[in-house]
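To start, the structure under review is shown below, and the notes come after it.
A, B, C, D, E and F label the chains in the order they appear, each numbered from 1.
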């Protein structure tokens, strides 16, 4: 239910867009300032604290032996979760994740998984019986819009910064071999770029105020080759084909700088 | 809370009963038209689509190896569930099953189980370790009253139409033997007949409008020998002993035709 | 939200305290009459029915083989739960336990556990693989305040009255050896004493009316040596250090009589 | 049921059952009314090895409000088993079995209550099974009905309950746990003796139509025995209180 | 996706797919409108081996009330799979996958509905997958849109959906289950043909920018085929009812 | 506690603990106020290896409304651990331990707040443990109290918390993880230094009455050290903001 204040804010945003301006002064294809710090949770195998504008995420990666999924006995496991903490925004209530947060976690998960970022075939301890599992958990501590990209960068950075322990199978059980950590088997660096459409305008990385006004949104993830490896359209309106093609171009171009930044977090 | 319209409908039904008539023109001991179609879900091991008047059920049976229940190591497993889908009726809300649906599933389950319909001793792969489990799941897609009988017929038909795969124990684990399906070990065909009491009148297979008016109800299941193998009384009033004896007679007699129809679904 | 009646009751209690009196005539350091009956649930391995004033608990202990906790392979398992039954008080609603009941169970559990009452190292069947588990479940059937002490006494008495069955490991699985029950390995008898503070007054074992008026409360558990082995402070105000020292003295002195009573329940 | 095997002799040649009872003899039954302080009404029953307590609150306001009915009072019922009540420790969360039994007990008790006198209210019946044996739902109903009377809820009749069943091809009264496991049929019945109505009837196992009739009649005879014990429990409490006051 | 291996020949040298189809040929599609008695609108679809039923209620009052919007109507959507719909029996509780698909379907349908005409109300769309195959979310949208029209909800356009994908380095229409498992990319698309808007777009797998363009165009061609079948389903029901009345 | 064995030397002959600290020396403590944008007040603490963030909202309307109190404001508290905060990945659902700690933290903070000034409202305190070490509940209270001050909630006093304990028969300040696992007693204490009141007190492990007294006094000395660090955090933020504006 839009309040009068919300309506005024929306009008301000739309009027500015007509003049070619965004409410925080950014160019349409310009994401907010991104800062990435890794190793922030020493007890995790990998971790990152990401700020994208005023959106802030802390992500920890735990690595431990697990059983493979049925029919995928020659692949390791990757599982990604997200929680928007109630301290991140006044509207968040504690409790099990709603559909928004479930979508968030699944979109971040797919961006990593479908890009083939991690070579899962290198995470097998004993085929069909024991594999290495990588669990990436995102804790959203400040919510100022576009959690998709912020969580995606935090997850990617946390994975890149990982030290993977070594296990050997003894008596059919994995046993930790101390002091033999290695970098994870990385094949590419996926970069998620989320765009919102307000009228005819496509805005990269909408902040919370813009997010409340968008007609539709799309998250396009590209890999290191510039190819598209995951897409999620959302929001209560659609895109024309022309807009979709334009979004793909914007996404590939915006991803380049961000990928460079992510590369530097490699352990 | 009965609305005025509900009250008028109730008066109409009761007035007609006083004249020996039911609201849809049926005789008191006459169930609604029953149609049974099997094999509707080819991916299930057995399946049926049942319409009883305007009540419609789709039931699928899955058969898979499982561990036996403790202390029942020489018996296979049979589990029956029911969900009244929210598209089946405007009053149904999505979510975990309420007491009505739990009772429904348990009554259908008991009718099959207590009749000894399936010879569970023939579903053992390795005593105390590995048995065959039969899972019958009822999806109610249109709810026009008397789900007990409709789900019972759908479950029975789905079981009768089953092809049971063959497993052999190799290295302590069940291994599927392709191309060796067989009919399930059937010993009898149970038929559930539900009756509602309105005043002194006993109505077989009440439809939704009648269901809302009944003082009490009883479901009596008989086996192929005509013996009684399961009973469930429900509703907010009781029965006299005379009424209970009459219900048993009605049930046995109404079951005969339905059993013939069910027999034809045998694979 | 305090009603007018609650306010009047509070005033009465406070006024009496100023005259050195409690509302039910007890001395400040005097617990309510305690009755303990063991063996009330013959199907359990140990059981007790405790009345502390009008608060009544039935506690059953089940003993069964289990896997040890990780990293505690040389210790048996002890788990304590509590449910305040909805028949115990008009304000109790059925459903999963709230924070009050979770705290109750954990405080009772810690009092037993931290005292070392049961020598858990004697409950090992096979190191790291199979141990004896002791499950103490408290059912509160009448709630007239101070569930902490009542549940603690009931749990302690139920444990003391236990007959521990004997298991032997055969083919890596525990097998019951009939007719070889023994007393549990008891090292000390912990006694929980709960005190409420109303203004400057410290009241032992507050009843429900007093409980509604307390500023803060503290539960201090002492072992057979008179040493303190568990503490839980609660309530919406604090204690001075002097009050805390006084409470420890009261607790040790009040525990003596109760410990004697508990000793008599030893099987 | 339906052909479970057993080495247990359920009925010997002298017509004596595995626990020493005759064919139409119930187990020991003891009922005490008014056992709880906080509940508006309560009762404790020992029925064979069943140990069950029932507590009643109401008529009282309904929460959540949308459940209330402007035309009549309603009844809610919770049948619950303590974790220690059965041989293997039971998970405290209500099972599907407990939810179904709660429902049939509610429907067994409701016809006895004059709820129409108390629109917009609820009567809550809470039943805790401290120790379970065969026939626990019947014992629960027996205790709950006494608790409802103890609470002073206006009633048309008591509800008394007892099972009958079939072992060794013989109809017996009050099926115990072993007979339930190894026998041929178990039929719990609840009955209002003055209104002559059966308010709960379930059956697991196979019966001919004649056996069905005999089973109902046997169970109702058992219900009438229970009725006397329920009356005595209420009388005892009345005079005990009278004596105390 | 992204490199899963398979011995399956997904595309033979004649350009024929593993199920015999040509590159731009959809599977068999059958839609029937008005299949349920109680729902305000309904439709049943068979799309390949998908068997899906959709039922619509509304516009109607919102419960709980705090979800309602004084400015506009809202839409809720539940996509659910029956336990027997997939090879391994599925737990009936909604999975995270089902919750996400419910959300994207809701957002795919919403642009087609004139919900602003019905403030404070809700349109509930319930989708049950009785048997699942590749492309179930597209088939679900196709059925749901027909069910919405069948319910008489004022609509700006139909929503039709079909996936495109990539196997053996070739862009294909309507990815089946084997192609989804062993192929290179799957892109479900929902489309409003008259308003020319894409309302659902997802991608699993890797595409170049050219392939991305071709995939969208191929999928939209499929959507237009579906549109004709949706129209026919509604016409058939209209005349069938006309004939009956 | 209570006799756990260990090969760790908890206290060497020079009175130095396993992490190099003296008997009454706390671990490194760093607190920063005002670290979140959206929360009304916030603080971040590093206390040994604990890394904890606290955010406060309120006083604000209570949902659901029936929880509100016409006489006073209320406080709610959630203590939660991120899945990656401990060695073995933790299930994100709140454990019974987290629920109990949430309750004792709420009761430790409540005496410091003038909630009676804000009837019908709630102050929500949300605590997230990003990395856990021994003494996390004390560190959480220290951060939460700073966050409450940062939110401008009227307060009677700060609440500062620190544990004391017993290792090698010696009372020590600020028990770390190894000392908690292998030591003899752990006693977390929260304290209001100006009102001179203990608002949280728990004990795991065995103490004589004299040790109990010494433990409380030692912990309170630690609380007073923490208090200075809390004050500095608030001052730093005040002047930092002053300087920026």
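One rule holds in what follows: a residue touches a chain if its C-beta (ideal position, glycine included) is under 8 Å from a C-beta of that chain, and two chains touch if they have at least 3 such contacts.
Bear in mind that the values here come from a model prediction, so they are computed numbers and not experimental data.
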item: Fewest hops from subunit E to subunit F - one hop per pair of touching chains; value: 2
item: Farthest chain (mean CA position) relative to subunit E; value: C
item: From subunit D, the most remote chain by mean C-alpha position; value: A
item: Reference interface B-D: repeating pair among A-F, C-D or A-E with over half of contacts shared; value: A-E
item: CA centroid of subunit B to CA centroid of subunit E, Å; value: 32
item: Intercentroid distance (Cα basis), subunit F paired with subunit C, Å; value: 27
item: Residue list for subunit D, restricted to those that touch at least two other chains; value: 88
item: Multi-partner residues of subunit B (each touching 2 or more other chains); value: none
item: Category of the chain touch graph - line, ring, star, complete, other; value: ring
item: Running round the ring (origin subunit A, first step to subunit E), the chains in order; value: A, E, B, D, C, F
item: Subunit B residues within the subunit D interface of the complex; value: 1-2, 70, 99-100, 102-103, 105-106, 110, 113-116, 218, 223, 226-241, 244-245, 248-249, 252
item: Residues of subunit E touching subunit A in the complex; value: 1-3, 69-71, 96-97, 99-100, 102-104, 107, 110-111, 187, 192, 195-209, 212-213, 216-217, 220
item: Residues on subunit F engaged by subunit A in the complex (per definition of touch); value: 36-40, 42, 49, 51, 53-55, 57, 60, 78, 80, 82-89, 92-93, 124, 126-128, 130-132
item: List of subunit A residues in touch with subunit F within their complex; value: 40-44, 47, 54, 56, 58-62, 64, 81, 83, 85-90, 94, 96, 135, 137, 139, 141-144
